[in-house]
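Listed next: structures, encoded as structure tokens.
Shared between the two complexes below is subunit A, which pairs with subunit B and subunit C, respectively.
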Partner chain A sequence: MTIDYQIDDPENANLPHPNGHGPLGADMERRDGRDKVTGAARYAAEHAPDGLLHGVLKRASGMGTVCLTNVQEVEALAGVRLVLQDERMIRNAAQGTAGEAPVQGVDTADYIGQPVALVVADSSEIARDAANLLKVQSVGDDLPVLPKHGETDPDMQENSVTGKPQDAFDKAPVLVDATYTTPSLTSAAMEPHAAVAEWDGDRLTLYGSLQMLRYNRAELADCLGIEPDQVRLRAPFVGGGFGSKLGISADCVAAALAARALGRPVRVVQHRRQVFEVNTRRSETRQRIRLASHSDGRLTAIGHEGRVSNLPGEEFAEPLLQASYFNYAAPHRLLRSEMVRLNRPAAGSVRAPGAAVGVTAFEIAMDELAQKTDVDPVELRLRNLPDKEPGNGRPFSSHRLADCLTEGRDRFGWSDRAAQPRQRREGEWWIGTGMAAAVRVNLVMDAEARVRLTPEGRAVVETDMTDIGTGSYTILGQIAAEALGLTVADVDVTLGDTDLPPGSGSGGSVGAASTGTAVWLACAEIRRDIAARMGRKPEDLELEGGDVIVGNDRRPLMDLLSGETLSGHGKLAPGEALEKVRQATWGAVFAEVAVNDITGEARVRRMQGTFAIGRVLNQRTARSQAQGGMVWGLGLALTEAMVHDARDGHVVNRDLAEYNVPVHADVPYLDVCLLDDQDE
Partner chain B sequence: MKTVLTINGQQVSLDIDTRVTLLDALRDHLGLYGSKKGCDHGQCGACTVIADGRRINSCLTLAAMHDGETIITVEGLAHGEALSALQQAFLGHDGMQCGYCTPGQLCSATAMLEEARAGRASQVTDDLTTPAPLSRAEITERMSGNLCRCGCYSGIVAAIEEVAAE
Partner chain C sequence: MRPFDYQRPAAPEAACQGMSASPHAAYIGGGTNLIDLMKLGVMAPDLLVDVNRLGFDTIKDLDDGVEIGATVRNSDLADDPRIRVRWPVLSRALLAGASAQLRNKATTAGNLLQRTRCPYFQDIDVPCNKRKPGSGCAALGGELRNHAILGTSEHCVAAHPSDMAVAMQALDAQVVIRDADGQTRTMGLDHFYRTPGDTPHIETRLNPADLITGVRLPAPLGDRQVYRKVRDRASYAFALVSAAAVMQLKEGRIEYAAIAFGGLGTQPWRDPKVDALLTGARPSEALFEKAGDVLLRSAELREGLEFKKPLAHRVLKAVLTEATQ
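Let's turn to the complex of A and B:
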């Protein structure tokens, strides 16, 4: 049996009702933490089946038709098993939730750094050496690598006009008209992409570093030309994703093909420098933002026009405008974006696609307006909050931005700031403060999970959901414990295996809401079973401390099971609720920054973030996620930029010494406040 | 090439390709996958181990260069079932998300606390004549070779501060 549930209406039952003492929402230690601090957690590359061979991907150093000129020579080297160039190999990682193969074939290179072959050998040292010796020639015409040379793709445009924005801009008492650019950015998850592939007859088992197994399985099968049920993917631990592991990656396909060809298991680990090229980057952007307002800062018109890029054949455009449809109220709105096709490494989702750069640019424009109108930046935002979604009048499922702004303002001590720039100096440092609102759309996705209640009174949660650092192991255990009246220690959680029911996967912040609900539904089925055994309705039932309570009757769950295992299967589908209400998460971030008057060096001294992100399932892991987001904001603002060579588009700074992710010394203590936010 | 190492209290002898890094020796030849490979270039600190009491990036050095040395990896930080104070504090402050940088952070912090106790100065130490108190700035400076892309710096530093104060 399965409990199927589709969210068609705003869901405000908020089940289960926590009594405040249950595991749900608790500030609880990460359940897989012990494995992580002892080194016991096994990531993709850390599986070593007998007879393992090692593969190294070879990159193209030019664009055009690829010719490998010394394959025989390389294959003759001692310990080298194979130089693989196969039409099924992929050009770059698949886009998130593609569920089908990305562009295949590596006999032409569409961008510099594209994988063109795999060299397999007895050891990783031999494979690396042989890959270095392999000669790759590429012959082709110059392809566009600069935005000014690329062609706009007519199929990848967004165009939305409400009211008469141009009129409003023309007549505005106050107008901000500013253009911003942001560079390409990369996920740089700490674990490089890796795959260990092993065949048993025509069945493949692959350990991968992947975020969304249900889609990845279909993608890999499609790449190989086999059925999805011939593929088993496993990803019990994933060393960070941030979008870069949403889709099947080049290492997985190459490892599977080589393992098949050689009849031996093959491991392929991307080198850090390949991680920067063969997976997806965040597109560089150019954004023109126009804000028309009355003299008191109330907006009359919003314009947000952007340009992004991607490699030909990729159906992903950085969704820059996503939040601009509903962030602030204004009767007139102009939202446009276009994409140019460039032969740079493929663009795709990187943490908070669209919002990270779209909202940031927009918020900077809001600051320009605050300056022009002489309205306090927090007050300016408060003055422009919509009570319904602009344009279509949809209600918000919850809208806590005002609370984030005011709570954050108080916590940070915003009122102490000097309203004008260059008012505070300490030695050679200027001290300034700034703030921005944070907005991110909310989604749910299809998800399934199974829960079993064993005769010993333990629960087992099973789904192919991944935990990429987000805390899935922990919160899914908390949900089952809450629903079945157990302690978290009584619940085992098994994830990251496509032999289990397909969860949502990790991406787009859908995991907790989607797979978490599937786990809850599976538990609801078990509760129904228990109730039936007692001749009662599920709603009369209370489960607590391993006991079943109905009225005055309290008995151990184990007695009721009498040696049987109860099983529940939950299946969640997104429904019409996504259309009926606008769902989003909200936040406000405040920072104090010191800028050196002589060198221009910027140091963040304090940072406060207040967020309304829905129901918090675990205070501790949720806080870590929020802090992680703030570190990314700091990196975006101050340290990170992917540099493309102006002649051929290749990524110049493709390692962690040249692409600067924030380090310990860059980051002050990050104060986080999570507001209680449940849909009413 | 023959190399003898004492790893987490156990003597092991290896006969390996001279090109094998200490990190690959641990991972691929000894099955000690706790030490992580984030960059293989000395840029991220995920591979940090403690060699003869000093923290080093094990990807940047060949195993054969450590013949006769004592190596401690993340697998050797706990005493049996009992976690070290730092490991415990990392759990308490949630000084991790994906966990991939965690072994390196832990080995690095373990050795860093010893360095500080021994009075070694860092780039941000103002006065080189007296041992510097282990302020937040000292900790973050000394830990900056260990990247965490998940952005767990607040929890990691809080964990180190807690143990340093003991």
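Let's turn to the complex of A and C:
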């Protein structure tokens, strides 16, 4: 049996609610934390089946038709098993939730850095050396690599006009008209992309570093020309993804093909330098933002026009405008974006696609407006909050931005600040403060999970959901424990295996809400069975401390099971709720920043973030996510940029010494406040 | 990584012998740079001679200075009480470099001999005169940031990445070298490096099989010592501009000045004209401005590096101000 549930209304009234004093929502450390810090948790590349061979991807160093000129010479090297060039190899990582093969082929290099061959050898050192010795010639015409040279793709445009924005801009008492650019950015997950592939007859098992297994399985099968049920993916631990592991990457396909060809398991680990070019980057952007307002800062018109890029054939466009549809009220609105086709590494989802750069630029423009109108930046935002979604009048399922702004303002001590620049100095350092609103759409995706309640009174949660460092193992255990009246220690959670029911995967912040609900539904089915055994209705049932309680009747769960295992299967589907209401998460971030008067160096001294993100399942893992997001913001604002060589577009700074993610010394105290927030 | 032989001799003679055995041999100390470059295919020695067991791992007192063994770790050197008290500029420079993990491993001689972090040097798919003599320079016309504006040529614009060597340059350090015949000589650090010219692959005046056994620091000639480093993030980043100052003041005048720079030159940069301008003069804003003009008189500001000139000017002025206050 399965409990199917579709979210048609925002309030989820049909689902049982936690009682508020169980394990759900607790501040609980990661269940897998100890395994991770002691090395007991095994990541993809650490799986070493007998007879393992090692593959290294070879990149194209130019664009155009590819020719490998010394294959025989390289294959003759001691320890080299194979130089694989197979038309099924992929040009770049698949886009998130693609569920099908990305562009395939190795005959042509569309960007510098594209993998065009795999060298397999007895050791990774031999394979790497052989790959270095392999010569790749590419012959072709110059292709566009700079945004100003790219052609606009007519099929990838977004254009939304409400009212008469141009008139409003022309007649505005106050107008901000500013253009911002942001550079390409990379995910820089700690674990490089890796795959270990092993065939048993026609069946492939692949350990990978992947975020969304149900889609990844279909992508890999499609690449290889086999059925999805011939593919088993396993990703029990993933060392960060941030979007770069949403889709399968070149290592998976190449490892599977080589393992097939050689009849032995093959491991392919992307070198850190390859991680920067084979997997999707966040597109560079140019954004023109126009804000027309009354003299008191109330907006009359919003204009947000963007330009992003992607490699030909990729259907992902950085969704810059996503939040601009509903962040602030204004009767006249102009939202446009275009995409140019560039022969740079493919663009795709990187943490908070669209919002990270779109909201940031918009919020900077809001500060320009605050300056022009002499309205306090927090107050300016409060004055412009919509009560319904602008343009279409949809209600918000929850709108807590005002609460985030005011709570954050108070916690930060915003009112103590010097509102004008250059008012506070400590030695060589100018001290300033700033703030921005944070807005992000909320999504839910299809998800399934199975829960078994064993005769010993232990629960086992099973789904192919991944834990990419976010805490899935922990929160899914908390949910099952809450639903079945157990402690978290009584719940085993098995993840990251496509033999298990397909969860949502991790991406777009959907995992906890989607797979978590599927686990809750599976538990609801078990509760229904228990109630039936007692001849009662499920809603009369209370499960607590391993006991079943109905009225005055309290018995141990184990007695009731009498040696049997109860099993529940939950299946969640997004429903009409997403259409009926605008769902979003809200936040406000405040920062105190020091800028050196001599050198221009900027150092963040403290940050405060207040967020309304729905029901908090685990205070600690949620806080950790918020802090991580704030660190990303710091990197986005101050340190991170992928540098493309202007001549050929190749990524120049493709290692972690030259691509500057913030280090500990860059990150100050981060105060996080999570507001209790539920759609009611 | 290319297959290679490995030796770990217990005496300098054997080390030099090992190096003489192959034109493609390399000494290895901490390996924090060499191993990376071997993995990338940038360097491919066929023999590694490990110098870690040669007994050069202590800091010895000399008459009025110290001799730092070639394999003294950067973190041990930075923490040494003698260094911290008498040559604090060196401690500060060391601690401004790399990360704690790297400093625990990296050696004194290895730090002097580390290779540039020019990204084009590290990319075997593009031309680089330093990596492959005569192949051209992909950095010219490319993306420049961690590159040099002093001492460059049309063949190479790579900057020397060390912080430690900048402080040593200001401290008149002497490199102690044992040659293949077992003779020991010393070479001033100001003479140790070569500007790239048309042979950027030859970076020092060491002969093949020369073994650095240590670095001598004479007694410091100034008790005012400052190290300042400007970088793109707060730690674990190479200098955009750094400056080490060792100065002595007497009766309101600068009695002694030795200023060295990182991030600006193809080698740890010291310009005698800057020191000469400052020596004997009274500290003033005008003097410091002029020092910057002298330092940067022949700076080559290629596209992307224009910011280094005003930045170097400001940093120099701030360092001189701090050192003379």
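Keep in mind that, in the parts below, the second predicted complex is superposed on the first by the 672 of 680 C-alpha atoms of A that agree within 3 Å, B and C clash if a C-alpha of one lies under 4 Å from a C-alpha of the other, contacts with A are read in each partner's own complex, and residues count from 1 in each chain.
We take it that contacts are C-beta pairs under 8 Å (C-beta built on N, C-alpha and C of every residue); 3 or more make two chains touch, one makes a residue touch a chain.
Note that the structure is predicted; figures quoted are calculated from it, not measured.
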{"item": "Which of subunit B and subunit C A:Glu29 touches, first, second, both or neither", "value": "first"}
{"item": "Which superposed partner A:Asp8 touches (first subunit B, second subunit C, both, neither)", "value": "neither"}
{"item": "Subunit B versus subunit C as contact partner of A:Ala189, first or second or both or neither", "value": "first"}
{"item": "Touching partner for A:Trp632 - first (subunit B), second (subunit C), both, neither", "value": "first"}
{"item": "First (subunit B), second (subunit C), both or neither touched by A:Glu428", "value": "second"}
{"item": "Which of subunit B and subunit C A:His664 touches, first, second, both or neither", "value": "both"}
{"item": "Which of subunit B and subunit C A:Val643 touches, first, second, both or neither", "value": "second"}
{"item": "Contact breadth on subunit A, by residue count: subunit C or subunit B", "value": "B"}
{"item": "Partner chain in contact with A:Asn653 - subunit B first, subunit C second, else both or neither", "value": "second"}
{"item": "First, second, both or neither for A:Asn132, with subunit B first and subunit C second", "value": "second"}
{"item": "Doubly contacted subunit A residues - partners subunit C and subunit B", "value": "125, 129, 655, 657, 662-665"}
{"item": "Subunit B-facing residues of subunit A, complex", "value": "29-30, 32-43, 45-46, 48, 123-125, 129, 187-192, 237-242, 269, 271-272, 468-471, 620-621, 623-625, 627-632, 655-657, 661-665, 667, 669-670"}
{"item": "Of subunit C, residues touching subunit A in the complex", "value": "1-3, 39-41, 99, 117, 119-120, 122, 124-126, 141-143, 145-146, 230-238, 241, 311, 314-315, 317-318"}
{"item": "In the complex with subunit C, residue positions of subunit A that touch it", "value": "59, 61, 125-126, 128-129, 132, 273, 428, 598-601, 603, 638-639, 643-647, 652-655, 657-658, 660, 662-666"}
{"item": "Of subunit B, residues touching subunit A in the complex", "value": "17, 19-20, 24, 27-28, 31-41, 43-44, 46, 73-75, 77-78, 83, 87, 90-92, 94, 96-103, 106, 136-137, 139-141, 143-158"}
